[in-house]
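After this come two complexes, each holding subunit A, first together with subunit B and then together with subunit C.
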Partner chain A sequence: MSEVWQNQSALPGASATGFARVDEIGLRGAIVLRGDLSSSAVKNVATGIGGVDMPGTLGINLVEERAVAWMSPDELLLMMPYAEVDVALGQIHKTLEGQHYLAQNVSDTRAGFLVSGARAREVLAKLTPADVSPDAFPKGVVRRSKLGQVPAAFWLNDEGDIEVICFRSVAQYVFDLLANAAKAGSEVGYFSIPD
Partner chain B sequence: MSTRLATGGRLIDHAAPMTFTFNGKEMQGYAGDTLASALLANDRMLVGRSFKYHRPRGIMASGAEEPNALVGLGRDGQFEPNQRATTTELFDGLESTSQNHWPSLDHDIGAVNQYLGRVLPAGFYYKMFLYPRAFWKHVYEPFIRHSAGLGKAPQDRDADSYEHFHVHVDVLVIGGGIAGLQAACAAGRTGAKVLLIEQTAHWGGRAPVDGGVVDGISVDAFTQNLIAELDAMENVTMRLRTMGAGVYDHGYVLGYERRTDHAPDMGGPRHRLWRIRAARTITATGAIERPLSFSGNDIPGVMLASAVRDYAVNFGVAVGDRTLVVTNNDDGYRTAIALKNLGLDVPAVIDARPAGGGALAQEAASLGIRIETGKAVAKALGGKRITGAAVCAQAGTGSVDEEIECDCIAMSGGWSPVVHLWSHCGGKLIWDADHAFFRPDPARPPLGAEGQGVVMAAGSANGALDLAIALADADYAGRKAAEATGYRPKRGRPPEAEQAGEAPILPVWQMPEGADQTLRAKTWLDFQNDVKVTDVQLAAREGFESVEHTKRYTTLGMATDQGKLSNINGLAVLSEALGQAIPATGTTTFRPPYTPISMGAIAGEARGDLFQPLRRTPMHEWHEANGAEWEPVGQWRRPYCYIQGDETPADAVTREVTAVRQSLGLLDASTLGKIIVKGPDAGQFLDMMYTNMMSNLGIGKCRYGLMCNENGFLIDDGVVARIDADTWLCHTTTGGADHIHAHMEEWLQTEWWDWQVYTANVTEQWAQIAVVGPNARNLLEKFTDDDLSAEAFPFMTWKDVTLNSVRARVFRISFSGELSYEVATPAGMGRAVWNELLAGAEEFGATTYGTEALHVLRAEKGFIMIGDETDGTVTPQDLCLNWAVSKKKHDFIGKRGQQRSHLCDPKRWRLVGLQTLDGSVLPDGAYAATQARNANGQRKTIGRVTSTYYSPTLKRGIAMGLVENGPQRMGEVIDFPMLDGTVQQVRIVDPVQYDKAGEKQNV
Partner chain C sequence: MLMLKCPYCGVMADETELSAGGEAHLKRFGPQSSAEDFEGYLFARENPKGVHVERWRHVNGCGKWFHAARCTLTLEVFGTYSAQVTAPPQDIRDAIRAKHPDWRWRDMA
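Let's turn to the complex of A and B:
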């Protein structure tokens, strides 16, 4: 019993290619932080851990593996490398001690997928009622909506590079949804493709 | 004879012939044909039989309004019934079959029904099938089932795929005729995001067929310019073969794209359902020509005048060699002129108007066409196709002046704007007496959330039949819609069309005006459902005054075409019979979809593996590979039991229960809900949520809690753990995780918004493994140096334990009555921990166990299960859980409800154990009854079974149930009548049938 027990993401290595690619992201650290988003302590600790500016309503700011996403008027999702979560949580508890807040490690709660390709938006538009057109869904916006019949959130890492997160238990369903929607031959040709 | 002309046909490609079959017979058509035009080109006039009388039916129209030409398309997994030939694009290899006949289309036995017409009057179904009563089951119902429906239901699984697509636009324009194109252009020029959809495969609608001059160029050229301009606009999307199917609240519109119906080899989804959110919608859906009501107007070869024109101009098909035109308005002359110009014979135009027509009539006259004004068709002649028409005065009763030989009758009874989409979401109509049609009332449009009109009608859909007026109207609608969504239209003049001087229409609802009963009884209103003028008149005589009632009584407009041709004519006849004006009668309700859409499109991707989300725990694959018999629990699949070798599920459950009681069992408990509740007011909040106290729970301790709704009924239960000074972890049932979290948030957000409490649903963060049985501690101790002794880690506490470097949160709680730990690790580690614990458990003869063993174990201990012992009407007191209902707390959710008289009634059924005298297993849901009878003569029930199992531990059936005065009747024997008439005698016992003292779990 000395060997290290291996941690696994929901669908390690899952990948599908159609008119867009769908790839599972693998393990990533995530912390749900609820609190008064206008308080400077909350802002400081969130931006400190995320390494980015505080996002506004429906906003997400990213840099490499780190991000701070606005999830609701009193909730943020902080993302970081998986191994750094404990340190980050400790930092939050230390900084916000005595204040009313909630911080929980939710790194294993979700599965993540990357939908990439010039027509990546179309894959999402087949599955979500949210407006994913370039003007309504530019880089820096996070939408919590649904894909098919389950809740999901998504944002742009870059044009043609959409990240999707969903609950871990429905990872297979969401992967299948995305792969099915991205099947070659089912392109819609609706959104204009940037040059 | 219906034939293909040597030249012409603007939509077909003479260089691309195609082969198709109709009822197995091979025929030729061209690329660009519809199935209808190709059938006509092959002289196939008779294409189906009507529903009731099995009358011969020919193609009547050229578009979505077609009532008759319904066929079955394709075969096997691609078979689809009731497809309109007029909207089916031809492709090479298309297979079609006609419907509703036996043994063949040409010789149909069912046609005898038409001679029974006198005994099959309106309301026949209602009158006939009432008596004698015994006939219903054995005669009428089988007969109706046999004859119901036109097409055959597909037998095979649908081989195609379907999908949805969500778009958000400023302006949606439905209809790609000239008005839709102009409206889209006007809106698009402002920069608004525009989506333009057209149900057919072509832009331009009727305009290129009907002709005209706009801005000095032909309307065809003008249309091409509009298309080119729209095509070049980045902010405009144009989709052909996409029908506006329905308009709903909040600007939600469904578009139905038939992607591959015309090209089955193309691949990709067959249909795509566009789910459109539009700030403004413009319905430029055109107008539909009305038939004229004369005797024999259903004989194949009688066709809408516009359709005859369409087939000639668009497809190069002459429906007849000699086409008689019958009209009450100027538009009919267009057909006469078009046919004459193609060199076809038009023996006469019968114009019901005494004064005749305007400029078009003059043009027809100048072409040498005979025009008879003030005349009518008394009767169309022929059987399976038209041979001629008897002509009479419109004003008379139908004495025949002459018979005119012809093989086609082109009829025009005027036009009705397609107001369906306008009406779907509440747009109102007004009766336009000048033009004899209902049109959208601009003052009463469908309203959006802000109370403003969100739909505008444009062009002929708005009643603007004249090209010049339609273009101006559409231009206005496009600009207005864009303006309403925040864009600024530039100034500019709308395109100008030359107006032809038209003579007014004469409303003609019966031809001739004084037609006698014999003529009226052969005058069809609804061609698909066989509703005649006499049927509607009879309904009126029998007291059906409401148009909605008449519709259902006569079945007028209830067929698959939903009365697109019959509605207005029918309600005009009804109005006349009732002696009231048409607007006083009103219309029936227009409901989506505009024409039927496929079930596949509605389902979208949700079929097969994607039909429903399946929730999987981190150990799901292991279960699957190890004989799991699945049980659906919400959207999760949980192992019911694990089958080994030749075991039956019952064998497996027995083995699993025994292993747990004797040594060790492992259960995947990951699906249990886990909600973190944190904050200075969290204790107070949980005291409100649960019936018992949670605020005073010590840190590191666990407590079982009950949750009720406001009525006092149990909704959930579970173990609560105090994590730290202001943090609690609430376990819920598997099915309760989401709704209990929502329940908490609702109270926090709406009632106690000033309380400092945050919640987080962390159900999926954790994999949870129950390690259960006398060897549970021994197993865990193999993986940790932490002290798990009874003293260091007592019952109903929790502890952070390091299991081989993995940090786990271990709860010492028991749902089985055995020594038991629930081990929670991060979900990603779940599978590894499961594997390692299993490997370590081998030496104890351990087994994994499923939900059924879990149920048996808890039932042996008398533990309740939400959903078994509760059904939404059961209180904690009913379950003798008074100990878990605080008497000290001044309030909790459900407290007040539980004080109501009925909930305090001492006679409420309460929980007891039930033991059959013969040791057998009681059926689930069985009722206990006394000999007393209630007012209905039924035996009075006094209790029911809520849980029942075979107990491998006690080697007999065990059960729990709710019984009137149950706890006071320990030892009594009561009767459970069985379905087979026998009676099970059952003794009332303590629900706890195993280890009453709880010694096993507390070691």
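Let's turn to the complex of A and C:
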């Protein structure tokens, strides 16, 4: 069975367009790293692999496909190109050997979506209890919350579009939610559109 | 709607982002305790119409357990605080006593 889903994202090529656009992101490498986030060894290995600075509480630092996201007081999510995960994971195990930590490759257990367009915030606002206003949810913030019935996390990328990740098992549900919330004609116009 | 501020990630979390964990600050009675104490630990719970101290988990967020003091009658929230304590900290007690001067919680003064 494994060959059916390995090296293939949850909903390859899934896309929907309304007042905002929803696309499946495709394969991306992801490693959960848990440990003492104040320890310099953990910080160094995370920033080394992520290629960005260490984020603070609720922070995410990203450059292209690489990112380090703060997920909880003892958890980071490292993102990188899919092909680099095994090497990165080996590097973590080697660097942190003997310390109290946990690192796991979660690339194939996540699904990712990109919600783009000037009204992308509105799509999220319809689905989550989290505050996604520009003041509460600027670039550099990652929010773990819910979309409809399931957990999800989201942040703004460099272009100002919203990236969403959820568990792979609910990828179809989350895509349908986002696509439905983005249907043309269903704009609410709550947030002012940036120029 | 109930909203609590998670003391770990600082997020103002909506009730649907949280999971209720029941009464806070229970003392565990395990093996070698008396049958009465064990029964009390398992089953006896405060059910006040008024100030309640509870455990909550920020389940659809940072995942951490924390404590909250709130009023079940008015839904007023007096504050949230760390899970690593066995009694409400002084600032929470002060916030409660400002509204309920005679407030007591079980055998805690």
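Quick notes
Note that the second predicted complex is superposed on the first by the 186 of 195 C-alpha atoms of A that agree within 3 Å, B and C clash if a C-alpha of one lies under 4 Å from a C-alpha of the other, contacts with A are read in each partner's own complex, and residues count from 1 in each chain.
Simple rule for what comes next: contacts are C-beta pairs under 8 Å (C-beta built on N, C-alpha and C of every residue); 3 or more make two chains touch, one makes a residue touch a chain.
Note that the coordinates shown come from a computational prediction; the quantities given were computed from them, not determined experimentally.
When the two complexes are overlaid on their common chain A, residue A:Asp131 makes contact with subunit B and with subunit C alike. In the superposed model, A:Lys183 makes contact with subunit B only, not with subunit C.
By the touch criterion defined above, A:Thr57 lies against subunit C but remains apart from subunit B after alignment on the C-alpha atoms of chain A. Contacts of A:Val32 after superposition on the shared chain: subunit B is touched, whereas subunit C is not.
By the touch criterion stated above, A:Arg110 is placed in contact with subunit B alone, subunit C being left untouched.
When the two complexes are overlaid on their common chain A, residue A:Arg143 makes contact with subunit C while staying clear of subunit B.
In the superposition on chain A, A:Ile165 makes contact with neither subunit B nor subunit C. Among subunit B and subunit C, the chain that touches a larger number of residues in subunit A is B. In the superposed model, A:Met71 lies in contact with subunit C only, and not with subunit B. Counting contacts as defined above, subunit A residues 129-131 meet subunit B in one complex and subunit C in the other.
Remark: subunit C residues 8-14, 16-17, 60-64 touch subunit A in the complex. Against subunit A, the residues of subunit B that register as touching in their complex are 161, 163-168, 193, 234, 237, 266-269, 272, 275, 277, 605-606, 609-610, 612-618, 635-636, 676, 678-680, 756, 758-760, 762, 764-766, 782-783, 804-806, 826-829, 831-833, 836, 840. Considering their complex, residues 1-2, 4-9, 27, 32, 34-35, 74, 100-102, 104-110, 122, 125-133, 136, 148-150, 167-173, 176-177, 180-181, 183, 185-188, 190, 192 of subunit A touch subunit B.
Only residues 57-58, 71-73, 75, 129-131, 143-146, 151 of subunit A touch subunit C when the two sit together in their complex.
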